[in-house]
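You will see two complexes here that share chain A, one where it goes with chain B and one where it goes with chain C.
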Partner chain A sequence: MKKYLYILFPTLFLTAFTILVACSNVDNLVLSIMPKSYYIVEEQYQNQSFDVEIFSNLDKSFFSDIVQIEEVYIKDQAESNLIELELKSINKERSKIEINGKKHYIFIFNFCVNTNINSTEPFEIKESFLSLEYLNGKILDLKIGNFTYTRVTHIGSSNDDISVSHILGVKNTINQIDTLAGIEFELENRSSSTIRLNSVNSLDRNISFSLRNTISPSVVESPKQDVSDILSKDYDFFSDEQFLNLDYYIASGETLSFFIPIKYDELYKTNKLAFIINFEKQGLPGKIIFDNFLFFRDFSISLSEKSMIESYLYDFN
Partner chain B sequence: MRKIIILCLVLLNISIYSVNASVNYPDFKEIEFENDGAKLIEDYAITDIEKAYENLGKKFIGWSIYYLNINEEFHYVGKISFARENELYVPLVFDHDVEEKVEYERSVKYTGKLNLKADASNKTLKGALGGEIEKTIGTNELYSRTEKIEMSIVVPARKKLCVRVVGEARISNGVSRYKFFGIVFKKGTWEIMDIISEYYLYYEEDI
Partner chain C sequence: MILIKLENVSKMYKKRLIIDKVNFEIESKNSYIIIGENGTGKTTIIKIIMGLVNVSNGIVKKEISNIGYLPDKCFFPNHITVSVFLNLFHENNKLIDNHLKEWGLYEHKDKKISNLSKGMFQKLMIINMLLKEEDLYILDEPLNGLDALSQKKFFSKIMLLKEKEKTVVVATHFPQLYKKYFNRVLKIENGKINIYS
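== the complex of A and B ==
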């Protein structure tokens, strides 16, 4: 009998030890993020906020505990450009997303810029990192894409001469990403003189309007129509083009519809855009500044879009 | 061509005066299927539904399902999500600051005692019938999005500014029956609708 106990006790001890180790093994934290183009347009310092969507394999961890977050920055890799942010809230979405075959929780971090950037030149951080510094000494740096802060003189038209009477974004699948591909506009001349439309410029520095490929009147049939179909020719979303002034005239009381495709410097999924429309009336320049408009919202991430997601594994064991 | 008609309806603002396109989905003012033969369950005649029941077969025990439509995509003209009127004779500037949580909901409708529901995470359909249907239509890969919209907007003098939702969705529907030793215990129609994308059309009108 004793002989059996000598075998039984070590076996029980080993089993208990193995169970204890297995139970105490905390999952590693995996954070995932889809790089995007973030930007803020303000007339004055308004503490405007923006959201960053972060996917986490853990429902609860220090990562998503707002009281544990000490400081937040957006910076480039060399830290030659850095801006402090204020974290306003962290919300967890009800639904989950599958990344690399595993369910991830969706957290929305809401930030605002903590500094009054009083400059006419946009403050831009390309390939920026969101840096979350925690009270426990841990620092999480996540590549979020481009960040731009732009201060503008005014929002809307500099006078009541012209107004944007219609806009519709066209979404295309570019390199397997569903993103903004062009915008259909309609402008109304509310003045008593003819107005000349000169240009349309994006306030997202990663995006430009292809003025050479503008068509008027617009022939957009659907917000998902291919740009090459709208233009009746092949279209390249990435090639550089020389600046060109538009040369459209809008008579008093008339409207002008036109479609302008966009070009990407670097491709990020884009569903919002702010832009400036430059015009001339009786030789005097004027502009309409249109704030960050949400053109569309997708309720899914395609497999190809998921391949753009960057994941980070943190082993804190 | 159908897409042009939908867009024209929006541009001409006819939809404001039109009745809802669906009883089950009152937010949809116009619906247009990609496939001409596809329909919402409410648009089938009673005789068509009866024929669908006849196609359920002679199963002795368990669920029988007959699919009228499987993941048929359609375009819709939705509700006005935002409107602001300026009765003044000068432009009106205001900050549109809304934390719009678009909680994605897989819409599940049924008649009879089918009791077809999605689980709490809105990802899978509950019960044996739900499981059977998901084998055919696939599980829900869609998820909620919260989008904080902060923008300054200018409404010109004597104008009304509107933002209307247009979008794409897909639908599956059919009839089902549960039998136990040849006796019918449950019987009804069902429909599952997923919104895939929403687009926002901005326009002004005179007041």
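== the complex of A and C ==
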């Protein structure tokens, strides 16, 4: 009997230890995030919020408990450039996402920038980190991508001379990422004079418009059409190009359609964009500013896009 | 008139005390230099005044809503041009052109920001700040990248702001360059502030 106990006890001990270790591993917090370009474009004294999607292996943890969060910052790696945020809400999505073979819960953190900022200077951090400081002393720094905050003179048109009658985002798969590849516009001249279209500029530092490859009238047939197909030639989404002005004229009461492909400095999945259309009427400049225009809703993350997800494994839960 | 008043202001960051019960006032028609070694809380004080970060304790009273601000590090979409950049924040194109001419950037106005030299970029940021008529201007290391001629221009602009009875605050590591133009020094050491006239 004693002989069996000698075998049984170590076996039981080992089994219990293995279970304990396995359980403690499962319970450790794993956070994942897909780096994106975040930007807020607003007029003075607005309180525009933005969402950051964070994936967690744990359904419940201090990480997603709003009352536990003391302070929130967006900062650069050196922590010299930082801005404090106000956390407005944390919501858990019904759906889950599979990362590295394990189900993760999707938490949407909704933030806004302090309303008491006294500057109208643009604020931008390339490769920014979201820093969450908790009452329990934990600090979680998560790389979220680029962050830009801009206060502009106005949103929309500076006058009623021109209106946008149609806008369509074209989505392509670039380096295995489904993202915005170009935009089709239709503008209407509502003034009594001819309007000259000068340029279209993005407010995202990663994205510029290829004015050199703009075509008018637009020949886009579907929002998923290949840009190369639209332009009837090969198109490189990454090469730099010299700045050019557009030189399109819209007669009074007429409309003009055109398609502009975009270029990426660094590829982030993009479904929103803030941009400016600059025009001229009788020698006087005007502009239309779009804040964070949503071109398509896309919460899905394809298998290939998952390689871009940054994961953080903590030794606590 | 007191434009900004900090009362017992403390700031914790990453559970560390960066600013410790600081009291000071920024009065109108005065000019200040903020000095202090790296990591002493100089930039944090500016960020608190600008409203970029909140205080952990204490009160910040502000009698003004807008402050002209020149950050020490500034980035912006590289692919937009000088004129498009300035047009984002200012409506008066004639005034924009005048400033560009004055600072020697007019012939570069259709250049992408990415193609500007460090000095040109700094001039652009100074123009952007000066285009707004404010009562208080805060500048963090404003001479970064400026050549001797542009530094002279910068100080002439400071004199002009002073003549207009504006308040100017400069944070710098090189106070000797400014002492002729500024009448008060705020020295930050270990999160505390001392004021000298």
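By our rule, the second predicted complex is superposed on the first by the 282 of 317 C-alpha atoms of A that agree within 3 Å, B and C clash if a C-alpha of one lies under 4 Å from a C-alpha of the other, contacts with A are read in each partner's own complex, and residues count from 1 in each chain.
Everything that follows uses one rule, which is that a contact is a pair of C-beta atoms (placed from the backbone, for glycine too) under 8 Å apart; a residue touches a chain by one contact, two chains touch by 3 or more.
Note that the coordinates shown come from a computational prediction; the quantities given were computed from them, not determined experimentally.
Peer 1: Consider chain A as the common anchor and indicate whether chain B and chain C clash or fit when overlaid.
Peer 2: fit
Peer 1: Look at A:L82 in the shared chain and tell me whether it touches chain B only, chain C only, both, or neither; answer first, second, both or neither.
Peer 2: After superposition on chain A, A:L82 lies in contact with chain C alone.
Peer 1: Of the partners chain B and chain C, which touch A:I183 in the superposed model: first, second, both, neither?
Peer 2: neither
Peer 1: In the overlay, answer first, second, both or neither for which of chain B and chain C A:F50 touches.
Peer 2: So A:F50 only meets chain B here.
Peer 1: So, does A:L267 touch the first partner chain B, the second partner chain C, both, or neither?
Peer 2: neither
Peer 1: Does chain B (first) or chain C (second) touch A:S202, or do both, or does neither?
Peer 2: In the superposition, A:S202 contacts chain C only.
Peer 1: Looking at A:N91, would you say it contacts chain B, chain C, both, or neither? Reply first, second, both or neither.
Peer 2: First partner only.
Peer 1: Scan A:F243 for contacts with chain B and chain C and give back first, second, both or neither.
Peer 2: A:F243: touches chain C, not chain B.
Peer 1: Between chain B and chain C, what is the shortest CA distance in the superposition, whole Å?
Peer 2: Distance of closest C-alpha approach: 16 Å.
Peer 1: Which residues of chain A touch chain C in their complex?
Peer 2: 71, 73, 80-84, 114, 116-126, 133, 137, 139, 148, 150-153, 158, 199, 201-205, 208, 243, 245, 265, 276, 278, 284-285, 287, 289
Peer 1: Across the complex, what residues on chain B touch chain A?
Peer 2: Within the complex, chain B touches chain A at residues 3-4, 6-7, 11, 75, 90-91, 93, 95, 102-104, 121-123, 141-154, 156-157, 159, 166, 168, 194-204.
Peer 1: Looking at the complex, which residues from chain C come into contact with chain A?
Peer 2: Within the complex, chain C contacts chain A at residues 14-15, 43, 47, 49-54, 62, 64-81, 84, 87-91, 93, 110-112, 128-129, 132.
Peer 1: What residues of chain A sit close enough to touch chain B in their complex?
Peer 2: Contact set of chain A toward chain B: 43, 46, 48-51, 91, 93-98, 106, 108, 110, 155-157, 160, 163-169, 171, 178, 186, 188, 190, 220-225, 291-301.
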